[in-house]
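Next come two complexes built around subunit A: one with subunit B, the other with subunit C.
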Partner chain A sequence: MAVKNDGASSKKSFLPRKPNFSIPARREEKLALKLLLPTLLIIGIIAFYPLAHVFYTSFTDRIFAGREETNFIGFDNYRRLLSVHIATLDPVIDETTGEIVVDPETGEVVYERPIDILPREPIRFREVNQFTLFGTRYVVGATDRNFVLAFSNTFIFTVVSVFLELVLGLAIALVVNSKFRFRGPMRAAMLVPWAVITVVSARMWEWMLAPGRAGMFNAFFDWLGVVERPIAFLAISTFQLPAMIAVDVWKTTPFMALLLLAGLQTMPEDIFEAAEIDGASKVRQFFTITLPLLKPAIAVALVFRTLDALRVFDIFQVMLGQSQYSLASYNYFQLVANRNMGLASAIGVLIFFLIFIFAISYIRMLGVQRE
Partner chain B sequence: MKKSLKPYDILKRVGFNFMIIFVLLYLLFPFYWAVNSSLKTESQLFMTPATAVPRDPATLEFSPTLQNYSVVLRDGQFLRGLANSTIVATASTSLALIAGSFAAFALGKLRFRGRRPALYLILAMTMFPQVTVLTGLYAVITVLGLSAIVSMIFSYLLFTLPFTTWVLTSFFKGLPNELMESAQVDGATPFQTFRRILLPLTAPALVTTGLLAFIAAWNEYLFALTFTAIEPGSRTVPVAIAFFTGAVAHQEPFGEIMAAASLVTIPLVVLVLIFQRRIVAGLTSGAIKG
Partner chain C sequence: MLKRKWMFGLVLVLIGSMFLAVGCPDPEVEPDPDPDPDEIVLTVAAGAVGIELELTHDLAEMYMDENPDVIVEVIDTPDSATERLSLYLSFFEAQSPEVDIYQIDVIWPGDLAEHFIDLYEYGADEVVDDHFPAIVENNTVDGRLIGIPWFTDAGLLYYRTDLLEEYDLEVPETWDELEEAAQIIQEGERVDNPDFWGYVWQGDAYEGLTTNALEWIDSNDGGTIVSPEGVITINNQNAIDIVNQAAGWVGTISPDGVTTFAEEDARAIWHTGDAAFMRNWPYAFALSASEDSAVTDVFGVGPLPAGLAGTGSATLGGWQLAVSTYSEHPEEAADLALFMANYESQKHRAIEGTMIPTIMDLYEDPDVVEAHPWFEDLFDVFINAVARPSTATAPNYSAVSEAFFTAVHDVLTGEMTAEDAFEELELDIQDVTGLEIE
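Our next item is the complex of A and B:
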């Protein structure tokens, strides 16, 4: 782009000497603005005005599709979403013996109940999680437990699925990039998961993950003999997030592979030939030539996928409903089911900033690449 | 290059083919399973263990059924969803292509102040989180009193328009400046140059970006779900499939859901396979540039 601009500016100074070719600059400018007007107008109406509206609404207690009066409540919505409290839990001491109480069944130390420790004013904190660090037991409490869980779900989902997509995508791209007979059909097959509507793929997987042996996975595991009883993958919380990740990885790995394949195909072949002559092994070639040359393509694909994964909605909403949320599906839930438009707007604003930070680094990265 | 095959080479070749089969299986299996399930009756669906092709429960002979498809096609919900989706995706894509090609011509070929900020604005728009403006868009729609269909057409521009603008801008930039200059010599105004000369040249790019924008609009779920919440008649295909309850609602009719899923996926897959090369080029340029 830098090159392009230099060309344009040098032409500007050059043009007046060739009167035949010049268009009056002002006319050109006017035309440009006229042509841009529809796009800018549309973006203004569907993006900037709503965005301003969302910012404003996030400071109110507005009810969705209701006639109730709206009050300005300042940062209350944000305070509710972001209040997190970490407290230590002390072991329970038996009053008569003065010793630490141990659960007779599990043999584990009994700790105080989090509900007695977490603050209740002004809003009650609820337990999110407990963990032990250096022998001390901690409890994490939050005023909006579901938001904190939605945030951690989205975060884990993003990191794990993007990582797996990168590894698998790279493997598939390398396979497809080598010469073999069925390369054409293979590349076509890669587009199939990408072409399936996300909601449709969610339902396809929902059926494959069905509880009972009618489900493909349960039938398969049963055949392998690795499980004793069919697993209800989508109902047990341990399996929910991995299931979401599996669906997303299946759906978007081809996209990642295509981006990386494009990067692979720009690589000059003679480097590899030279490496071959020098006796470098394929593995060595991969780490010393392919990977460094592929870095820009990997960076772009990574950030692109990260931005997408952070706003994941469809599969969470379709497959998990209200049992676990992503940030976006929690936003939708607060808006439509809870009708809490103020709070939903605050969630929207938080998602906006989260993605904004990523987007800025994305543009930076691309900018660096252009130089 | 020509060497006699050593055992190691044979092993390598077998391993490679094995990997290809594995990847193909991974990519295509869920889709195959959906088609397989769509051809089963309810009792066949719940046979244990699940069978790889529809089989008769008693004789285990191959016996597919088209019953699920006929139920889906006779169900008004699904066909209405198809019609709604077609209207919404086509209208939104056309609007995005018209407005986008105008803007792209200005950004790619004309000189004016504020060109760079405009370009960055549109680049930033391609990363805009749609869920953020959900509540604000709903407010705009209520004020303007738009129907669900019209709301979807306009709100989908949020992602189709920046995408078409960005990809077409890079395409216009790639066209030689001499084209414009010689047209000007012949006395054409810049707009005439755009309409008569440059636009026909961008036809392939228009098809690709249009197709990708169409697929994105066809896929959209969040806005469709929200805006059709009080207007079930306007549900698009994704919402219809998400809500699919079937004719007899005693349990989730997965056979019918899979039939509906196959019905909406097969045309898209065929379309994608026809335009394979262009889609890959469009995807990579769209992603790398925006």
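Our next item is the complex of A and C:
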């Protein structure tokens, strides 16, 4: 009797919530729901409600701390942030000679000015970038130039810094995982940059990058004699992003190393002993044993770091202020300085989706869901 | 079954009590369990730079001595103006009556007018004529006086008297003279000191660059970006010329890094004696005169050099006191605000903290003159200070200023010429404000 009953219920359990569902199991499910209810309620209040509110605000022209009537403006905020226009620039032709004008100083062809080419109605497009493809000159225009630049800054920052952190972090983790004297103090010392508050380390780097011989880097280059004049790393756009990446790599590599070290320590010794006996070289051992076994730890570390890097705010805000933005620091600028709460909310929503896409693709790529 | 229900109930009670614990303030820290019904508590949100906060506390004490039924509480706010604005905005967003009086920046009245009461309705018309007219005008939005001027600020030229004497030079009166003097002194000093620079100022992409560049442009008869009547005037030859000239200073008489400098970066170089000239606000005077400064007795301050306009310009800075519309005691708060900005209060702050007064008579007050003789010399600079176009472009001043300093910064770092930058800039400002272009 008991056996038969069991069989029936296990068959039915593939189709949940059927009336024949065993009574104790249903009771348990009910209790579980009741117990989950408070948690769901709290998550609803502290996570979903604000999120929904931001979504709603992003469709309005709400002014932060303003008393004007708020209007529903549909997708206008998104249109302003995301509109991009690519146009071709023709070379300028001299009216008298009919020839293409060449800059006498640089010897380069002079093209039309983007300001005359890019559309102005209904919203004006501003030049973001120019590039040459198959001999044709193109200009990229955007209605919100700062947003497009903030997006590309954040994207490049994330990809480059996370990649460097992974490579360096893995190397450090392998070193401190091997047995040597003072391994304990070494592991502790490794964590120092991570322990320093970001705003403090950003200030510290600001001083090291100072544009004069007071700055460590300029003093070093000056001593080497490789530069004629001190470089203003934080003012010249070519150096701004690399400086940000350097600070972040310095600061968060220890965190990456720590996560990977935890992964390394769970690996059983005997596999490596067996590999040793079979005559596998250290390199072979690393690629066929260590790396595959480390995959879950790498996945976790990558997800953590990427999501963090996409939201980067503090180092951009402290070191670059309003001369270059990350997505988050541009969001802050729009909200506080411009009080443009609708637009700031739309930026928040776009950051949310960007992070969402990254998270999903990591889970897919690294097969975390099978864990 | 019964047991389960009981447990469920217990969990609910536990969670509920968690909320209660968060929701209710600890009874011990409750300020006054039985407040005197006649007693009024007024809260002032004030700055805390240097000894600023201490001086505000002094005024609070003075007021409480005269008005025993009022308690004045002073809360300090962040030093950075943007951070301070962000704090204020969160109070306004919540329409909070928690703060009665706010210390507001000279560029905010236009943007924040709706959150403050009209001080004319509370007796300000009797005292307003004593203050600098330009600041009163700046604080008046649609005929309403948003804030009573508290202390002012203006850009000044700091110069090294010893070096001018050594190289037999006069204090420069035009930008060309400044360039020349800076060049001569720099070349001479570089022999012994490779870190010496002629002229330091604020060139980072921030509000400070707006104030610096406005001084160049206005002193060269190039207008004030947007005129007080609301016409965009920035794209003119005088403005273009002077900004191109300033771009020429970067890497010649000014460090390459000047495009990352804020006030304190410039002052650091000046303070160690590594600069011949500096543009800065009056706060740097007390610090430069202090014991640990390398320039203690060998510097002077004066008006900034002039361009085509013939006289130099100084951008108007400074702070006002404004009373929140959400205050529960607007009448008493207005009275306190007017008290804190009156003759005696400003005198105390001027003497003790070199806060530049906004009341004209104080520049002739014997006690003030004795303590800070240079106030009197610079009266003309303070009274003629040029306001940023914050009221004409309200509520979009931040966006206008950002577009402006970004354009100027691009010219300074050599990424654009002033011609191209300003052609684009006038369209940017029009996009943001919808105003007419000249």
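Here is the rule we use: the second predicted complex is superposed on the first by the 309 of 371 C-alpha atoms of A that agree within 3 Å, B and C clash if a C-alpha of one lies under 4 Å from a C-alpha of the other, contacts with A are read in each partner's own complex, and residues count from 1 in each chain.
The rule we apply is simple: contacts are C-beta pairs under 8 Å (C-beta built on N, C-alpha and C of every residue); 3 or more make two chains touch, one makes a residue touch a chain.
As the structure is a prediction and not an experimental result, all values here were calculated from the model.
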Subunit B versus subunit C as contact partner of A:Val336, first or second or both or neither: both
Contacts of A:Gly321 with subunit B and subunit C, given as first, second, both or neither: second
First (subunit B), second (subunit C), both or neither touched by A:Phe64: both
Greater subunit A contact set [subunit C / subunit B]: B
First (subunit B), second (subunit C), both or neither touched by A:Arg124: second
First (subunit B), second (subunit C), both or neither touched by A:Pro38: both
Partner chain in contact with A:Ala210 - subunit B first, subunit C second, else both or neither: both
First, second, both or neither for A:Arg229, with subunit B first and subunit C second: second
Partner chain(s) touched by A:Ser237 [first = subunit B, second = subunit C, both, neither]: second
Subunit B/subunit C common contact set on subunit A: 31, 35, 38, 42, 64-65, 210, 212-214, 336
Subunit A residues within the subunit C interface of the complex: 31, 34-35, 38, 42, 63-67, 113, 115, 120, 123-124, 126, 210-214, 229-232, 234-237, 321-323, 333, 336-339
Parts of subunit B lying in touch with subunit A, wherever the complex brings them together: 16, 19-20, 23-24, 26-28, 30-31, 33-34, 37, 45-50, 95, 98-100, 102-103, 105-107, 110-113, 115-116, 118, 120-125, 127-140, 142, 154-155, 157-158, 161-162, 165, 173, 177, 181, 184-185, 190-191, 215, 218-219, 221-222, 225-226, 229-230, 237-239, 241-242, 244, 254, 257-258, 261, 264-265, 268-269, 271-273, 276, 279-280, 283-284, 287-288
Footprint of subunit B on subunit A - complex, ascending: 4-5, 8, 11-12, 20-21, 23, 25, 27-29, 31-33, 35-36, 38-40, 42-43, 45-47, 49-54, 57, 64-65, 171-172, 175, 178, 180, 182, 186-205, 207-208, 210, 212-216, 219, 222-223, 250, 254-255, 258-259, 262, 297, 300-301, 304, 307, 310-311, 313-314, 317-318, 327-328, 331-332, 335-336, 341, 344-345, 348-349, 351-352, 355, 358-359, 362-363
Complex contacts: residues of subunit C adjacent to subunit A: 4, 8, 11-12, 15, 82, 85-86, 88-90, 92-93, 111, 114-115, 194-195, 203-206, 251, 255-257, 259-260, 395-396, 398-399, 402, 405-406, 409, 413, 415, 420, 423-424, 427-428, 431
